[in-house]
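Presented sequentially are two complexes of chain A, the first with chain B as partner and the second with chain C.
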Partner chain A sequence: MADKRRICAPIDTVPPVGNPRQPCTAASGRLGGRDAMAVRPIFLETDVNPQATGSSLLEMNGTKVICSVYGPRQSHRRQPFRDTGVIDVEVLTSPFAGTHRLAPGKNAQDGELAALVEQALLPSLRLDTFPKLSVDIYIVILENGGSVLPAAINCATAALASAGIPMNDLAIACNTVSIAASAPASGADQSQQSLWIDPCLEEEASPDLAGSMLVTYMPTLNETSLMISTGSAPPTQVTEAFHTCLAGCLSLHKTIVECLTRDA
Partner chain B sequence: MASSGVLSGDLSVGDRVVPGTVLAATAGARAGRGTFVRTLSQEAGASGTEQLRVTGSICASCIGVIHLTDPEPQDADQRKIVSVLPAKTSPSPVTGSTVLARVTRVSPRQASMLILSVDGQALPLSHVRVGTGAYRGLLHPQNVRQTERDRVRIVETVRPGDLVRARILGPGDTRFYTLSTSSPELGVVVARSASVRPGSGICAASGFDDITDSDRELMVPVSWTECVGVVSGHRELRKCARPF
Partner chain C sequence: MSNTSLLPLLSSSERQFILQGVASGVRSDGRGRLDARDIILETGLLPQANGSARVIIGNTDILVGIKADLGLPSQQNPDQGRIHCNVECTATVTNAVDSRDADSDAETLGHVITRIFVNSGCIDLKKLCLIPGSVCWNFYIDAMILGFDGNAADAIAQAVRAAFSDLRIPRVVIDTGSTPPTVEIDEDLRRAFCPVDVAALPLSMTMWKVGMSFLVDPTPAEEACASGALLVAATATGRVCLVQTLAGGAAQYSESAQATALPVPRGESTGAQAGAPPVAVVSAGGMNPHSIVDMLSTATEIAQSVARKQDEALRRVAEASTRSHGAGKSAHFVDQSVGFFADSFAATSGN
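Up next, the complex of A and B:
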């Protein structure tokens, strides 16, 4: 019986738009035809949070991260007396950061990101200049468009520098993914793998993903503070990925230094 | 490039630098504020009493502008001092700095205080609210004054609500710095009386239950052991700072 009380929807309905983001494959190449060695342009602004000692907003196309730094100040945690300072990193992924809504509040991945960011930043800070005090770093991921851990590290470095925390050097992070060009033929198990620097979300979700590498590098000290390598590859490929990340870190360092010295 | 015989590369005085930038070599300059020395090599001095000679590069440790200052004429070390001065400095208490603190609690063995300003610079609100990282200090009886240090009664030297100028003796423990007022210019700057302000309308009939610090009368130092109320003239014992 036809329902006369309301206007009914048509019988045939289709969802408005399917998820237009298709993961990139080796055949399809990078999203938007980006060059394999091209890092996404960044937008960096400091002192965006007037309440914090230092803060920064970093955007790399689809990835947006904001970081606030408070300190050095008395730690709110009960800690034994130390004659060096400590840092306390908290990462929060916003519910609207991805294509699907996340439950508000911290999830397990945020804790892991925070531990990695802390490891990346520690060698760059002069902790003995603020004994028994703590520097609190709060990172909020506003939008996850790929390469979110390097973006968080770079954002935190800029916020720490703008807060005036004594540092040894700027810790700059960059990552690459390794894409297997074709299905391995018999006898040639490591076929041509191409390296894509600074992957976006579609490239990180590629079905042809063979591995990834993340490096946090301090250019003046010439030291690495964090290196994460996944997947399997021969040593030459791992070394190549490492050097590609270093080159990316150096070019990011130049841009970030320009941003920091320009903001008066 | 006037004085850049000392500064490395094409840096000059007044350039804005970021942490990690190499500024100069230790051969020609000394590290000042906002810089640190990245050691390349160390060697012992010629005689046993000479300090370790460090060879390395002086690098910036914060974002700021390069300054080059001349050393004092009587200084044995005549190298210029390279420093990087940031646009804003957030003060943090170190041993030897002078602080202004408000007394929060007094007991026979110590007086605990909330530090409000360091070396003349007021702390931002995020560093003063208790619970979010406030700096707190303890004053022990033996650090109150220079003479008869073991016969001090804390209740006659500071009271809750007083504003005290003190010096930081040491980092203390995780929660409290160790403070000292044993110097003529240290001590109570402004005190709050034990009695209420005349004219505040608070009396025995209205009850004394919820008197706040601002209801109590303001007192100013008249000697190093006494404060006097500004309206009533009522005197109380304090260890007072010499007014400037």
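Up next, the complex of A and C:
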């Protein structure tokens, strides 16, 4: 726990200024009056890191993610025999990425993000074309402005494409949060749910949050590689959120393909 | 990546055997695609834990203990108690070359359990807070995989839910008069109570995609052939608490890592973009959105019925323990074991 390599602040410290970000509520609506179905504008640039085989930088307002792809190269992990390649995903959240400073180095959440990014990307890759080799994907979250996981997946899929790794399709991720107009515990009224696509930090922290959904979709294959839906809701609402995410993925796919063809 | 360290490495003929069997609706142990194995449930086996349960499905053997202590609430949620989930994969069950692989597989399962029981909001964490900002209950859920014979996630969810039914925490008296307020623990364990509404807790049901069809309760060999899985956690009342895709073991075989093009019947849309070739492409690990929606409703129904069956089994366990030993979790009898069949699965066969 204690970081012995650096000089740490005393254990009980609090930021001098409170969190200036006010969470959005069902009554206040989305931040800046954004439309429920509007995805934040994307800035995507590939080959930002000349060292790497492929790399990309993705910005969506307050969310900034950079990804470098190395390989295919010799795997540095010991592993049992397999006749396909592997990918090795590492996620690092910068200490200044969020409202609270994080301890430097990897934390537990980074490991979870890495596992999910790996699961989202795997079906999009032609692992059979680089047997026994490893493609190493390093993702740095520079700024967390909400929807970090989909940003990391989209950034990584663009970096993989720019690295020329054989792929079946782009894995495009999009998420929604469902906001209950009343307290989520009452839950009986289905019509009171609103879905906000691509939420920012203030929207993810909403006290009216009833659930969240993340979908990674490969539009050409018409397949979903990663889907996580949390929160408690009847199946109809889950299906509705799923379709909303799919629609979001399709619109993001268009933009990302445009960026990739422009940079190619 | 999901639990590959637990899965056997199969030859291509073994995989062909399993894939063809599943495609024609026959599994190697004689079950149909939607037939689950019997579940053996025991509760109250760990005297040192506040709640415990053991679930045995085939040779899958899961032991869960819940420990409770008083601690500091988190800074982000000062008015809530905390629940920590952890899954441990004992070295005896994994064939991983590198123990870190087994650790990361167990970690993935731990995250799934956290999402099912904590992030779903099924447990009211505010009730677990005694003095906002200073004292709350901490529950540590530790699951150990003592034996692996497939279907670990569902078995762990079963065991955690059963352990919650066995959970007893002492009553506390909060003295708000003193500054700062103090908490006094009632040491009489006969007055201990269960702080969680077990009937509202979800159970998970995972539909594994093997070839082009879905099955439940797979063996390790079937998991190794699965291209992916859809885990659905639902309560007895049919509220969906988690839907998550899991990776199967098929991605490590080169034949399944290639996208396979299948001709599409005339007039049927694949939903792909305009200009795409008229084929349906099947990759390793992906799942068609239509089948996700189908499987979601099937799995919700099954999870619902299994949750009801477990409630029934837990009631019988509780009755058996009150008959034979006054009350309390210290009762540990072999006759607490209650096997229950998931026989109604056939009624919901969709695929």
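Quick note on the criterion: the second predicted complex is superposed on the first by the 235 of 264 C-alpha atoms of A that agree within 3 Å, B and C clash if a C-alpha of one lies under 4 Å from a C-alpha of the other, contacts with A are read in each partner's own complex, and residues count from 1 in each chain.
Quick note on the criterion: a residue touches a chain if its C-beta (ideal position, glycine included) is under 8 Å from a C-beta of that chain, and two chains touch if they have at least 3 such contacts.
As the structure is a computational prediction, the values presented were derived from the model and not from experiment.
Student: For A:Pro95, using the defined touch cut-off, is the partner it touches chain B, chain C, both, or neither? Pick first, second, both or neither.
Tutor: Neither partner.
Student: Using the touch definition from the top, say if A:Thr53 reaches chain B (first), chain C (second), both or neither.
Tutor: A:Thr53 sits against chain B, while chain C stays out of touch.
Student: Go through the superposed model and pick first if A:Pro207 touches only chain B, second if only chain C, both, or neither.
Tutor: neither
Student: Taking the superposition as given, does A:Thr261 touch the first partner, chain B, the second, chain C, both, or neither?
Tutor: It touches chain B, and chain C stays clear.
Student: Who does A:Val238 touch here: chain B (first), chain C (second), both, or neither?
Tutor: Once the two structures are laid over each other on A, A:Val238 reaches chain C alone.
Student: Scan A:Gln79 for contacts with chain B and chain C and give back first, second, both or neither.
Tutor: After superposition on chain A, A:Gln79 lies in contact with both partners, chain B and chain C.
Student: Could you tell me if A:Met218 is touching chain B, chain C, both of them or neither one (first, second, both, neither)?
Tutor: A:Met218: touches chain B and chain C.
Student: Please indicate which partner A:Lys132 is in contact with in the superposed arrangement: first for chain B, second for chain C, both, or neither.
Tutor: first
Student: Just to be sure I read the superposition right, which of the two partners does A:Gly32 touch: chain B = first, chain C = second, or both, or neither?
Tutor: neither
Student: Would you mind listing the overlap between the chain B footprint and the chain C footprint on chain A?
Tutor: On chain A, the overlap between the chain B and chain C contacts is residues 78-81, 83, 124, 126, 131, 168-169, 218-221.
Student: Across the complex, what residues on chain B touch chain A?
Tutor: 16-22, 34, 36, 38, 59, 61-63, 86-90, 92, 124, 126-127, 131-136, 171, 173-175
Student: Which residues, counting only chain C, touch chain A once they are in their complex?
Tutor: Checking each residue of chain C against chain A gives 1-2, 9, 75, 95-98, 101, 104, 107-108, 111, 115, 119-122, 202, 227-228, 230, 235, 238-247, 251-255, 257-259, 270-273, 276, 280-289, 292-293, 296-297, 300.
Student: Going by the contact rule at the top, pick out the chain A residues touching chain C in the complex.
Tutor: 77-84, 100, 111-112, 115, 118-119, 122-128, 131, 168-169, 184, 187, 217-235, 238-239, 242, 246
Student: Taking the touch rule as given, give the residues of chain A at its contact with chain B in the complex, in rising order.
Tutor: Result: residues 51-53, 70-76, 78-81, 83, 124, 126, 129-134, 136, 161-170, 218-221, 257, 260-261, 264 of chain A touch chain B.
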